[in-house]
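Below are the structure tokens for one structure; questions will follow.
Each chain carries a letter (A, B, C and D) given by its place in the written order, and its residues are counted from 1.
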Amino acid sequence: MPKTKLTQELGTFSVLYRILARDIKVALRRQSDVTAVFFFFIIAASLFPLGSGADPKLLSAMAPSVLWVTALLSCMLSLSRMYSSDYADGTLEQIMLSNQPTVLIVLMKILAHWVLSGLPLVFVAPLIGLQFNLSSAELQILAVSLLMGTLALSLIGSIGAALTLGIRGTGVLIAILVLPLYIPVLVFGAGAVNAASIGMSPNGALSLLGAVLAMALVFAPLASAAALKIALE
Amino acid sequence: MQWHSVNEFLAMGGYAFYVWGSFGITFGCMAFELWLLKKRSQRIAQAVKQEAF
Amino acid sequence: MGFLASNHVLIADNLVGVRGERLLFEKLNFELSNGTVLYLQGANGTGKTTLLRTICGLSKPYAGVVNWCGEDINSLAEEYFKHVLYIGHLPGIKEDLTALENLKFSLALSGKAISANQATEVLNMLGLAKGLNLPTRMLSQGQKRRVALARLWLQELPLWVLDEPFTALDVNATSLLKQKIEAFANEGGIIVMTTHQEVTLNVPKFEQLRLDA
Amino acid sequence: MKNLDTKTSINWLKYASPKTFYPLAGKLIPWCVIGAVGLIVYGLYIGLFVAPTDFQQGEGYRIIFVHVPAAWFSMFLYLLMAMYAGLGLVLNARLSYMMATAIAPTGAMFTLVALVTGSLWGKPMWGAWWVWDARLTSELILLFLYIGYFSLQAAIDDKNRADKASAVLALVGAINVPIIYFSVKWWNTLHQGASVSLMKAPAMATVMLKGMLVMAIGFWLYSIAVILIRVRCEILERDSKAAMFNLGL
């Protein structure tokens, strides 16, 4: 029987980092989930011009809303995976019983979801924006607003994912719970790009989006942790 | 009291449909809610009676 | 490994457990000090799992308090989790990760970093030498169970809450686990467990608690 | 070791307080109903007979006597529901979860009424059945929040978890209500410029304000009555033991 003393204690950050790293490693081992969200965004965004005709002026007018709504929907599609696979194989319980506060654990889960589903959108959205002949200034603002916006979407979405854990048929249910809460993020995010397209300075909208993000950073992990505890009872 | 006759009152200055529509819907919804509740409590009382005997 | 030098005590006072609208157990009291194994008996559905999850703090009791070293575990939260090792019905391992990665991660959760060969040593002892680098979904049910149990040999936590640890284990693994439980109890650990197999354990204090339908 | 004897259907009365609440609510309901009917009739009298014709909107403005109180209560009842939900989570009191569950339908009803009457008011005044006015849009989103609350409760079978999960959702929703209202208002001004807010009620003659306040208090008593009736149903449905006791069987 091995009697060697265990080597070294792990501090809070290294434990949390391992939770984040493990989530990303597991997701990358099963690429299909991650890329599905990414391709959904590209395909869905390209559908709109097919529906509305290719008049450049019309496209660029509706581009902010189209890109933002499809980004929001693709973020939401992958929400149910945030906790459900860990819930099913029992690792969620083990993680909750680790020596870290639940709120920080939840934050790591949210960051993992954001890195896998939100961040890729930030890079691909400007490319798709070219289809809608957005100017380079607008594309920059689009990327910046999505950078902040997708994190807020993951944060708020995690509450819906945690509330509906373990319930059958959660796909649509999460959408109903979370979409009304997404509205401020959408309004300020798309608003920033709209402001840029009509020559106004987008800083007002971006700072408001930042404020919503800050509030989400404070409240979402708390609400998600409470919801997880309820789900695991 | 500025209504001089009943049908002037009913006409509501030409907005009859909108005004009476709004009032009708408001009190209709309230009545519907009360009716639903009455049915629900009857169902409970009935279920409990069965369970008791 | 005298890490259990300090004495621990787990007290349940007036616990009430409810599932849905059904009362499972009421006015349940026990006090477990170092070196005790509490063996929970009862048919399926009598609330054994709910009681175990209440003891390890995953679910809140309907009424009553679980007390660890004099403090209500509800207020202790993570402080209490530092001392608890819970193995439930679910394997608690990630199917896409290898046995080694799973073991290292579950140790990391309790703040311990272990070297690869320490982990391999335990996994080999449990007969998992062949499947070390395979994703655990390739392993059989019994092998997955052993990967989940491997951390019992590595973690130094004073309180074990085991929900039917012997299920799906073959004879060899069962005797290995029995020896480990006895060794742990003799070193001063506290174990609360349920099992369907008749198991005789020679441990300092052996208590039984029956939950009937 | 002590054996545990368990009873199949448990006697909840020991743990919760619905036992004392049930008869108390029973006494209160008739008074609320009488008060509500009286005040609503009086409010209608003021709104339809005493209030003068508005020089701008003619007789159409009388819709505000139902639209505005309904809008007030759609918002107020949501926040009240969130408060009871929060209380339930903190105190783990089953009764306050039941109160939150009982408030939701009435709140949703008032939201629906506010939306319909708002659109009936918008059509003659601004020529469109739906006006993307900040208040009406927020009212619509409030309806979505109610829908979210109901669908979560319906989706979870275990009553205990359904209460707690929907309580968390109600709290999160309540935090979001002001943010949503602000973002819609900001969106409204961004796109329509600083045009006058379409739904601003006409200059408030005191008699109109009085009419609306009387109607509002009438709606308030109506809400109390309906919520108490529903909570009593909720108590009876949740435990047949209490049901038999309270129905005197």
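A few notes on this one:
In this section, contacts are C-beta pairs under 8 Å (C-beta built on N, C-alpha and C of every residue); 3 or more make two chains touch, one makes a residue touch a chain.
Remember, predicted model here, so these are calculated numbers, not experimental data.
Each of C-D and A-D has its own count of C-beta contacts, and the greater count is at A-D. Taking the mean of all protein Cα atoms as the centre, the chain whose own Cα mean lies nearest is A. The most distant chain from subunit D, with centres taken as the mean of CA atoms, is C.
A straight line joining the Cα centres of subunit B and subunit C is 60 Å long.
Chain geometry summary: the mean Cα position of subunit C and that of subunit D are 47 Å apart. Centre to centre, using the average C-alpha position, subunit A and subunit D are separated by 32 Å.
If you average the Cα atoms of subunit A and of subunit C, the two centres end up 35 Å apart. Among all residues of subunit A, those that touch two or more other chains are 233. Annotation for subunit C: residues 60 touch two or more other chains. Multi-chain contact residues of subunit D (touching two or more other chains): 160. The list of touching chain pairs reads A-C, A-D, B-D, C-D. Interface residues of subunit D facing subunit C in the complex, by the touch rule stated above, are 1-10, 15, 92, 158-160, 238-239.
Every residue of subunit C that touches subunit D in the complex is listed here, in rising order: 18, 20-30, 46, 60, 62-63, 207-213. Contacts from subunit C toward subunit A in the complex involve residues 1, 53, 56-60, 77-78, 81-82, 84, 86, 88-97, 101, 105-115, 118, 121-122, 125, 135, 153-154, 156, 183.
Partner subunit C is touched in their complex by these residues of subunit A: 1-4, 6-11, 14-15, 18-19, 22, 25-26, 29-30, 86, 88-91, 93-101, 232-233. The part of subunit A that touches subunit D in the complex is made up of residues 159, 163-164, 167, 169-170, 173, 176-177, 179-181, 183-184, 187-188, 191, 194-195, 208, 212, 215, 219, 223, 226-227, 230-231, 233.
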